[in-house]
Structure formats: structure tokens, C-alpha cells
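Below are two complexes that have chain A in common, paired first with chain B and then with chain C.
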Partner chain A sequence: MSETRTDSAQTAAAGIDYRRRQRLSRLAQKLVIFLCSVVLAFYVLAPISWLVSSAFQTEAEIVSVPPHWIPENPTVKNFTAIFGATEDEEITYETRSGVDPAAGGFIPSTAKDLPKAMWNSILVATLVVILNLLVGVPAAYAIAKIRYWGRNGSVYFILTTRVIPDIALVVPFFLVIRKLGLLDTISSLVITYLAVTVPFTVFILMQYFEGLPDELDKAARVDGCSRFQALIRVFLPLSMPSIVAVVLFTFLTSWNEFLLALMFTQTSASQTLPILLAAFTSDFTVSFSFLNAAGVLAIVPPVIVAIIFERYIVSGLTAGAVKG
Partner chain B sequence: MSEQKSLLLGRRDFLRTSAAASALSLAAPARLAFAQDAPINMQTWSAAVDTVQSHINAFEKETGLVVSYGNSPWAQYREGMVAKFVGGAPLDMMWVSDSWLPEWAEAGWISPVDEFESLMKYNDEAEQFCTDSMTYKGRQYGLTYYTDFMAFLYDEEKLTAAGFDAPPESWEELVQQSLVMKEKGISEYPMMLAMAQESWLIEFMASLVYSHGGRFTDENGDAIMHEDEAGAVEALQWVVDAVNKHGVISPACVETGELSGLKAFASGNHAFAMVAKYRLRMLNDPEQSQVAGNVKQAMMPKGPGGEHATVGWMRFHGMATQAAQDQQRAENTARLIEWFGGKANGEYKFQKLLFLDIGAGFGVKPLFDDPDVQAAYDAYGDVEIIQKQQALAKKKDVVTPWFGEWNETNGAAWQSAILGNSDVRAALKKSAAKWDELKASY
Partner chain C sequence: MSDIATYSGRRSLRNRFGYEERSAIFFLAPVMAVLMSVAVFPILYSLYLSFFQIKLTRPNRTPFVWFQNYTDLFTNELFWTSVRRTVVFSIVSVVAIAMIALLVSLLLNQNFRGRRVLSTILLVPWAIPYVANALMWKWIYDSGYGALNGLLYQLGFIEDYVIWLGDQDKTLLLIANAFVWKEVPLATILLLVTLKSIPADLYQAARVDGASVWQRFVHITLPSMKPGFMLVMIYETMMAIRHFDLFFILTEGGPGHASHVLSWHIYVETFRNLSFGSGAAMSYVLALVTFALSYLFIRTLGRKV
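Entry: the complex of A and B
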């Protein structure tokens, strides 16, 4: 006790307040973290803020210097052009959007197709997710838990399909789709997206299933479960993080996919959102304002999906990264 | 055990039935499609979709023929079409850029249409450079649907503020006016020139070269771009001096694409710009431009030995070879090409609609006399200047099967000279050498 007092006295005598120093150090650390967080948040949020802000600006306001982060003359005409169109009206010389002053000369005439394209994208992405799980979960379970001849070979084969670039698959896919008579249909996208996403799904789930103890499988079988029941009742509930990762991956891949959709779709009946968004930049005109309004709508579904599965995302993304 | 077996079989039956049902449902649309009469397959990029559709609907009513219309984004259109050609997708009529003509014709994907008298009769009223641009190895491959040229535009307000009554007549005069503007603080870089490596670059370079009285190639298609008197040397030297010596063009021009440059001009950053003529409408639209009402067109400035020439380009309606090989399909396709590229019910309806709707230029001279067209032009431009400049437009003299490959080297050579990394003559010699090498290898 007396020694401690002596130390304090010596420290005080030396004029060094270590506690204060420690407090200042912690404060500085927090300040640095806070500033970094602010910079990071700005870096991430600024483009999205500009996307949303400019969606409500006129084209003239968008190109103003300095830029207006808060619109001075906000307008919703981009959204009116998207949602205000009547769907079934026959397009004639009189009804074409080019002569409709309300549409504005720089709003693409295909603006009214955007809800349809969104629906196509949602439909394709949802079907791909469902079919991925239907195919991928049993396949991954079989590879992970059933020992059979050629197991390693099948794993390597599945992995091999992942290293082939999409561009190399375009023409073969095109020939198959054309032979099937599926050009310009939603089905063509679902089939080809499955070919791209199923290997990843199987790989991720297989890694996760392998991490689960074999004893679980054996216990389920002893209790009378068939293989299928063991998968459904035991393994699936334990694999939610990896299932969510797969759902997110396949949904976002399908949602954003461009190359195959470009090749296989031709009309608004099957065109997905990325194709329509790209088509808004024609060789004649482009409206940043309208493009950004369409961009705002395009990010809504993925954001909703991310919010729903948010609590699983981090654990799901690392699923299969290491063997447990 | 037997229970387990029945469950196993049931599951397999279920899977088998599901697979069969899926296959049937996927194949059903195809069967329906094959059952219908074959339509004329028309493929375009996604421009003026409503206008195209309205004209198709009128065609179907007029002829009783059915058109299957598909479109895809402009930026990926060529790649998509190549995949469709290779994959044997049903195609009859499609939009073609003059830049792709040699490639598509050499590959046998599109066929000449000059055996159809109903189409050739429109050549008399078309701009010569349009017909030239659709012609490859003496055969004409389509009818024009849109054409335009590189225009010289200026901001009248800035010009007046600098104390000038008239826009520059020559490139040298442009430098003098720009220096005054810089001195008065009107604009840091008065001239907007977009020299980024993109599809527009050749049009910018060709305008500069033609207005300096030069060419890239001679009548035989041999490179002359590196020659002092007949080539591109003066034009490139002017750009290099404008950037590095006078500072009237931003060094960032090598990173500036046409669209970025256009938006910069629309925001009031520059006094002069070289852009496609159809941009005039957008630049004078208060909804889209900060300098609306001030943007005027002048004749392209000329170099010491040049004239007010510029480059013109065009897109056309072409016929797929698979359509040309079947007499009935070819005739139907030719009717559709005429409906779009020629006259529909006695008038150049589609070209007029395209102009009125989105300001796209037309390649047929009689439309300049159309009162509707004149009224539309008067709202944002000077029809007399437009007509005068269009008459001086020339086709690109470098459109060959090896154009894409050469263009990479040529663009890099120009950029290198602009950035001061190489001498102007050395850059153009490199470009010419690449041209000769490619020409010999094709």
C-alpha cells in the first residue's frame, strides 16, 4: 500500500497523469473510429443519396454547377412516366409517346415498360431461387453425407463449371434455347441462370453440410428417418445461414444478370430490368434524371430482400469458408 | 421395409412427373410459336421504340403482314446481333450502323438490296454520303433510316460577352476567341472536345481532319493519314497546340466521352463544342440544359487548306441473308424496308416522325422542304445552316473490316500526341503503319 502511494507520488512528482493519458487515448481512438465511420458512411451513402435526389430533379438541374443535393424544383414526372402509362392501349401515330408533351421529350418511350420489366426480374429471380434450393439442397446433402463412387469426381465437375466464363457459354446456350424455341421467354432465363447458379449453391451447401456432424445423420436414421426426412427435419433447420446466403446470391445474381438476358430477350414480354435500364441510354438521347429514377426502383427489391435476411447475412456469407 | 420402398418409388414418380411437367410447360410457348404464320423478324436497338411500334402497326394494317419486333440496348447491340447471327436466330430486317457494314457483309450475315427496284428508286432523293455509306464493294445494303453529322455549336451569350459578333470561321480564329474568353474569365476551357476512346472518337477525329482538308486514306484505301499535305497532321497538331500551348481545350479531353462532354457544355462550362447535330435540340431545351436558348450552330471551322467539311454517318435498314435466300421472305422484308426507309403512303413518314419525336436527322433531301420539319427546326436551330452543313458531310473513309482493330491503335496514337507523350508525326506514322499491316493481312 505504501509502495503504491510511493509510486503515485513518484508519478505525480514526474508530472505524468497516466489515467488522463489513457482517457485521452481512448477518446482519440473513438474519435478516429467515428471519423472513419463518417467517411465510410459518406462514401457508401453519397452515391445512393445522389441517386435518390437526382431522381426528383429536372435534367437541367442535374447538370447545374455546383450540384443540388436537395432539389430546388422537385419533380415526380419521371415516376409519373413510369407508373402513369396505360398498358393495353394500341400504339398508333397519334398515341405514341413521342408526341405526348406530358411525357417530356427526353423520357424514353419505353418508360412504361419498367414495371413489367421489374415483374419479369422478380419472377425470374424468385423461380431461380426456388429451383436452386430444390436442386441444390438434395445434391449438396448427397455429396456431403453419402459415400458413393465418383463423389470426388462429381465435386470437381461441379467446380469446373464455375470457372467457365459466361461469355464462353453464350453461343452454346443460345443454340440450345433456340432449338427449344424459348427465345424471348422467361423460361430461357430461368434455365440458363440455373446452369450458372446451381454449382455455387451446391458448393456452398455441401461445405456447410460437411461441417455438421455425421452423428446427427446417423441418429436421425436410427430414429427412423429416411435420407429425405433427415435432410428436411435435421439438416435444413441447422443450415439456415448458408441457405440464406444461397438465396441472396442466387436472387442478386438473377436480378443483376445482363449478358444472357441481352441475348435471349427481345421484347418487353421477357426483358428484365438490367436490359431495360441499359436501353434507356439509346444512341439518340439519355436522361440522367430518368435513369436515376429507374435506378431507385431497381434497388428497392434487393434492399428489401437484404433487410429481411439481414440477421443471417454475415454468418451465411462465411458459410463454407472453413471446415468446422 | 415395404413402406419405405413405396415412399421411395413415390418420390421418384413425383420427380419424374415434375420433370415431365416442367419440360412440357417450357416447350409449350415454342410449340405455339411454331404453329403461327412466320412473321417478319425485325431487330433494332432501343431507340424511339414507340415511334417504331406505331409505324409497324400501320404497316401491318396496310399490308396484312405480321412483324415480330425486338429491340436491345444500343451499347450492346452489335455484340448481341453477332451472337444471333452465329446462333441462327430468325432475322429478316435489322438496323445496321455504317461502321459494321464491311464486317457483316463479309461474314455473309446481311445481303445487298440493290436488286429491288422498289428500294433503289429512293437513292435520287437521298444524300450522296448516305448512299455511299450503305455501299460496300459496289453493292448497296439498305435504305437509310437516320443520318446525322458532326456539328460545330457555340454559346452565343459567351461569344457576345467576349466581344465577338460572329462565331469563328477557322480553327485559328477559334483559338483567338478562346484566348480572349480565358482572359476575361468567361470559360477556363472554351472549347469542348471529347477525345476518349469510345465509339464516337472516330467521328470527332474525322471532322477535324476533313475540315483541315485532309483524309485518312486515299481513293484506293491506302493510308495517307501521316502525309503532311493530304493527311491528318495539321488537324492533330491543332488539337495538341490547343491543349498544351494555348490551354483552350482541357487535357482531360482524352478522358471525356461524347455524353460527358455534352453534359458539360449543357451546364455552361464551355463556349464552343463539337457534337452531333441532333444534340442541338436537347441543348436548347430548358428542361435539359442550363444554356438553353443560347446554343447556335455555325459552319465547321476550317483549317488553312481546308473547307467547312465535316463527317456524316448513318444507320440503315438492312436485310438478313437468311431472308434474302427465300423469295417470299425477301419480298416481304423489302416491303418493310421500303415502309421504313422509303415512303409510306407517299411520304417519308418514318424519317419525319423520328425527326419530330427525338430530333434525329434524316438522309432524304425533300424533308428539308416539309413545313412541319422547318417549323420544328426553327424552334431550336437554323434549318439553312443545317442543310448547308449536311451538304458538306462526307462518309468516314476508314470503315473497313479491320476498322475496329485499327481504331484502337489510331485512338491511342492521337491520345498519346495530345498528352505530349509522342510527336504528332510519329503518332500518325504509327497509325498509318497499323493500317497498312491490317490491310495487307485481310
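Entry: the complex of A and C
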């Protein structure tokens, strides 16, 4: 009897011990997760914070050694130089107030082109989005819902065009666009960006349409809809999430595109934001605080879009890349 | 996809151009027209161009030279240097991307407070333009006032500021770091999908059998992630071998030829030496390599669907 009592006492003690160990290990797990999260957040955010922080620093502050991680006298001078410049009051080396020319702090005379470049970027991206939807939606519907001969072939064809490297298109594009007299125009960008966006658009939409039941198509057709009406009235309203994803990707791709724009644009008539940024970086006299302010302007729109539409983006990326 | 194949296989030749085909053509015509003119035509035109010697400096003399643009590549020292740089850059980047993305996806696969915030933050590098990314890292690596120097100096790791991008041994790695930072989010999202698709019963069964956390990771998680890994590796390799933006802004191929990668070489040959024929030939080589990779890419995907 006494033996059994010690036995049960032992198991009870072991039980307490086990529970304590479990609690400890859960605590340890939480701690590890927390530490990893902090490291990840730092890895992602630190470079960006540095960019943003230095965009608000004065010329005197940005050249301090070691650097000021947080601006002591934050200034918005760089941004007013970009948006406040008018045609008659150019902000240049000479007219910029309060800066000793010898200390640097050069704001390029092309600073006033930045709003124009942003506008060009928005215009190009919007046109590319519209064209993508116009050609992509019907194609995706046909591939997903019409059982035609050669369907597999068209899927593989679009997959293949998706992987053509942009740099392989640059030489033929350049010669053709020059021949057409479209160099340094917005339309040259809109046309060539279709090559890097349309395949992906068709892909995401196709995946989504395939997930919608075939019966919808049949029911609409029995009720007397043409295929086109079935697409417009039945499928389009149902496929809004994928349409949103497509709009976002296409917009971001166009907004971020650099290589093609570098080849085809020459003046502020068609230069997009990345091109102007790149031009600033190659000019050694341009102050880094101004450069960073321009960089901030380039990352703000895509970052806002990414944060607001996170869910659509993630689902679109997984549909377009994984199942594709 | 297999049901499509059997379906179309059943159709007789006579029926091949029936009602379905006619309506499909109506819907597919716009996309085919667009892709033919902006993808198929340029790639074929580029092949045609690569058989000529086209120098924009001598616009009236463009002799047909057969494969000379290609055979010249074998003896072109700088071309092979650029190929070596591209290979090093791609391997370093892709391995780093895969490893970091593995760790991040394992973390984000856990349930904890703040996970959603963290995954939203993670999208930021993916969303920003490559040019802004390049500018940001150029400023971080800056030899005079950059953050890397400042941080290492404050922590006492370096005595004097270092000219990071001026060091031939480090340049390629520093650029790869900027590339990895931007590419990790996408790779993580792709890996997370594969992680989420692992059935929970597998883990339960393993736990019943007494497998430790580490054993479960090695015997269940890693093997199940293989398709996701393949996808990430192939996709990121395709992105890395064609990458141009960072090289253009950070180093312009320098110092010396330390970051003279293939895409930069093509750019210099085409738009600085104005030699369009050989530029087309080189970009064709790059396109063919990408096609070979994408064949693997599609096959891996095909097995998954």
C-alpha cells in the first residue's frame, strides 16, 4: 500500500514536472518566435528607414560622421524643391538658399521634372493596365471555359512568352521603334510593357476562371446569353479579386520598369520616374539627401498599394506563380 | 490539364474547326495579336539581326555574316568574364534567397500575434522599384557617409571608413545582397504555399511515433517542400541571370570588370559600342539559356498541377 502511494506520488511529481517543462518549452518557443520576428522586421525595415531618415536631413547633417540615424533638424527642403519649383523660379545650385556652394548640396535643375516623370509613370501604368484587361480577360475566359482544339497549345505558348528575358527584346524593339518614329514617346513604353505584363495577366485570370464552376457558363448560355454576355454579366462580377490582383501587378510592374524605359526615353516628354532617379544617381554632384527624397517619392505609391492590398497580392502571386 | 488533353484527343479531325474553335478565336485574337507583335516577332527579328554585322556608326554597311557573331563569342575574353560573373552572382543570390526564404517561411507558418503585420511588412521590398532599391543600397554602401560604414564604425568593427563598392572581391557580393533583399519576399510567399499544403496528419502521426521536432522537420517538412524549392530556385535563377538595374546604378560593371555581368555586357556592346548584331547574338544566347531553364520550370509546375 505504501508502495503504491509513493508510486502515485512519483507520477504526480512527474506530472507537475512534465507540465512545468511543457510551459517552459512553450515560453522558449514564444521567445524564439519573437526574436526571429524582430530580426526579420529589422532586416526589412532598416534599409528603408535609413533612406527615409536621410531624405529629411539637411545637407550639413547628412555628411556627419558617424551618421545621424534620426534627423536632429528634420527638413522638407528636398520635397519643396521638387514640388515648389515653377518655370520661372528654377531651383539650382545658385538659387538654393542657405547652402554654401562649397559644401555641396546640389539640387539638380532637373528636379522640377520629377512631378512630370511621376505623371508619365502613372499615365503609362494606367494605359498598360487598361490594355492588359482588354486583351487578357477574354483570352483567360476562352482558355478556362471554352473546350477548343489547341487549348493546351495556347497555354504553353503564353507560358513561353512569359519567360522571354526583357534584355533579349531590347535590340529588336529599339530598331523597330526607331523606324516607327516612336522613340521618346509614351506609346513606345506602353506597347513594349505589354510584352512583360500580358502573359502574367492571362495566367492569373485563367487560374481564377478555371476555379469558377463550368455550370455557370452553361446556365448563362441556356438562358440565352452569348459567350460574350456570359463573360461580361456572369464571370466578370465574380472574378473581381483576380481583376484587382491583375491591376495591381500590372501597375507595379509598369511603375517599376527600368530597362526598356532606359532605352526608349530621352527627354522629360516621356521619361518615367525610375529613369530620372537613375539619372540623378549617376550625377556625382547631386546631394544624397535630395536623391533619397526622390527615392522616397518613388517607393511611396507602391508601398501604400502593397500594404492596402496585401491579401490580393499574396493570393495573386501564389495563383500566378505556383499553380501556373 | 490531363483532362483537356484527352478531351481534345477525342475530337475527330473533321470537327477541329467547329463552333467552339470559332468562338475561341474571337476571344483569343487580341491577345495573340499582342503577343505575336511584342514577343514572338521581336525574338525572331533578333535572331535575324544576329546574323548581320550591324554597327550604328556605319549604318549603310550591314553585311550578312552567318554565325560569326556567335563564333566570335568563343574568343571574346570579356564575354566569358561576364558569363563567369553572372554565374557567381546567380549562385550566391539564389542560394541565399532560398535559405533566407526557408527560415522566414517557417517563421510565418507559425501562429503568433503580429504575424499578419510581419507578412505585410515583408511585401515592402517586393513592391518598391529596383531603381529605388539600387539607390538605397548605393547610399548604404556609400564610402563617405553611408550607413554600413557608420554602423560598423559605431560598433567598433572597423577603424576607418571602407570604400565598399570599390573592392573588387566584395562588389559582386554586395550587389547580390541588394538583390536578395528584394527577392526574398516573393520566394517566401512561394515557399509558404508549399508549407501550408503539407497535411497536418503527417505531423500528428510522426508525433505519435515519437519523432522529435528536428526529426519532423527533416523527414516531413523538407521533403514536402521540394517542389516549392525547385520553383523558387528556377524562377530566381531566371531573374538573377538577366538582372540589370542594380549593376547599372551601383557599379556600371566596375570596379575593373568585377561586376561586369552578361546583361551589362550586352548593354555596353549594344548601346555604347553601338554594335547591334553582336548585341542581338548575345541576348539570344541569354534567351536560350532562359528557355532551357523555363522548360525545367514548366515541367516542375506541370508535375504539381
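Simple rule for what comes next: the second predicted complex is superposed on the first by the 273 of 324 C-alpha atoms of A that agree within 3 Å, B and C clash if a C-alpha of one lies under 4 Å from a C-alpha of the other, contacts with A are read in each partner's own complex, and residues count from 1 in each chain.
We adopt the following convention: a contact is a pair of C-beta atoms (placed from the backbone, for glycine too) under 8 Å apart; a residue touches a chain by one contact, two chains touch by 3 or more.
These figures come from a predicted structure and were not determined experimentally.
S.K.: In the overlay, answer first, second, both or neither for which of chain B and chain C A:L24 touches.
M.R.: Touch partners of A:L24: none, neither chain B nor chain C.
S.K.: State whether A:S109 touches chain B only (first), chain C only (second), both chains, or neither.
M.R.: The answer is first: A:S109 touches chain B but not chain C.
S.K.: Check the residue A:A60 against both partner chains and state whether it touches chain B (first), chain C (second), both, or neither.
M.R.: first
S.K.: In the overlaid three-chain picture, which partner chain does A:A142 touch, first (chain B) or second (chain C), both, or neither?
M.R.: Once the two structures are laid over each other on A, A:A142 reaches chain C alone.
S.K.: Go through the superposed model and pick first if A:V171 touches only chain B, second if only chain C, both, or neither.
M.R.: both
S.K.: Please work out whether A:L40 is in contact with chain B alone, chain C alone, both, or neither, and reply first, second, both or neither.
M.R.: Touch partner of A:L40: chain C, not chain B.
S.K.: Determine, for the superposed model, which of the two partners chain B and chain C contacts more residues of chain A.
M.R.: C
S.K.: Pick one for A:G181: touches chain B only (first), chain C only (second), both, or neither.
M.R.: After superposing on A, A:G181 lies in contact with chain B but is clear of chain C.
S.K.: Can A:V202 be said to touch chain B (first), chain C (second), both, or neither?
M.R.: The answer is second: A:V202 touches chain C but not chain B.
S.K.: Could you say whether A:Q266 touches chain B, chain C, both of them, or neither, answering first, second, both or neither?
M.R.: So A:Q266 only meets chain B here.
S.K.: Using the superposition on chain A as set up above, list the residues of chain A that contact both chain B and chain C.
M.R.: 63-65, 170-171, 174-175, 191, 262-263, 278, 280-282, 288
S.K.: Going by the contact rule at the top, pick out the chain A residues touching chain B in the complex.
M.R.: Chain A reaches chain B through residues 58-60, 63-65, 90-93, 95-99, 104-106, 108-110, 170-171, 174-175, 178, 180-185, 187, 191, 226, 228, 262-263, 265-267, 275, 278-288.
S.K.: Going by the contact rule set out above, which residues of chain C touch chain A in the complex?
M.R.: So the residues of chain C touching chain A come out as 1, 4-5, 7-8, 11, 15-17, 20-21, 23-24, 26-28, 30-32, 34-35, 38-43, 45-46, 49, 103-104, 107, 110, 112, 114, 118-132, 134-140, 142, 144-147, 150, 153-154, 161, 181, 186, 189-190, 193-194, 228, 231, 235, 238, 241-242, 244-245, 248-249, 263, 266-267, 270-271, 276, 279-280, 283-284, 286-287, 290-291, 293-294, 297-298, 301, 304-305.
S.K.: If you look only at chain B, which of its residues touch chain A in the complex?
M.R.: 4, 7-8, 11, 25-27, 29-31, 33-34, 43, 45-51, 53-55, 57-58, 69-76, 79-80, 83-84, 86-89, 259, 263, 266-269, 278, 281-282, 285-290, 292, 353, 356-360
S.K.: For the complex, which residues does chain A have touching chain C?
M.R.: Within the complex, chain A touches chain C at residues 30, 33-34, 36-37, 40-41, 43-45, 47-48, 50-51, 54, 62-67, 131, 134-136, 138-139, 141-143, 146-152, 154-161, 163-176, 191-192, 194-195, 198-199, 202, 227, 231, 252, 255-256, 258-259, 262-263, 273-274, 277-278, 280-282, 288, 291-292, 294-295, 298-299, 302-303, 305-307, 310, 313-314, 317-318, 321-324.
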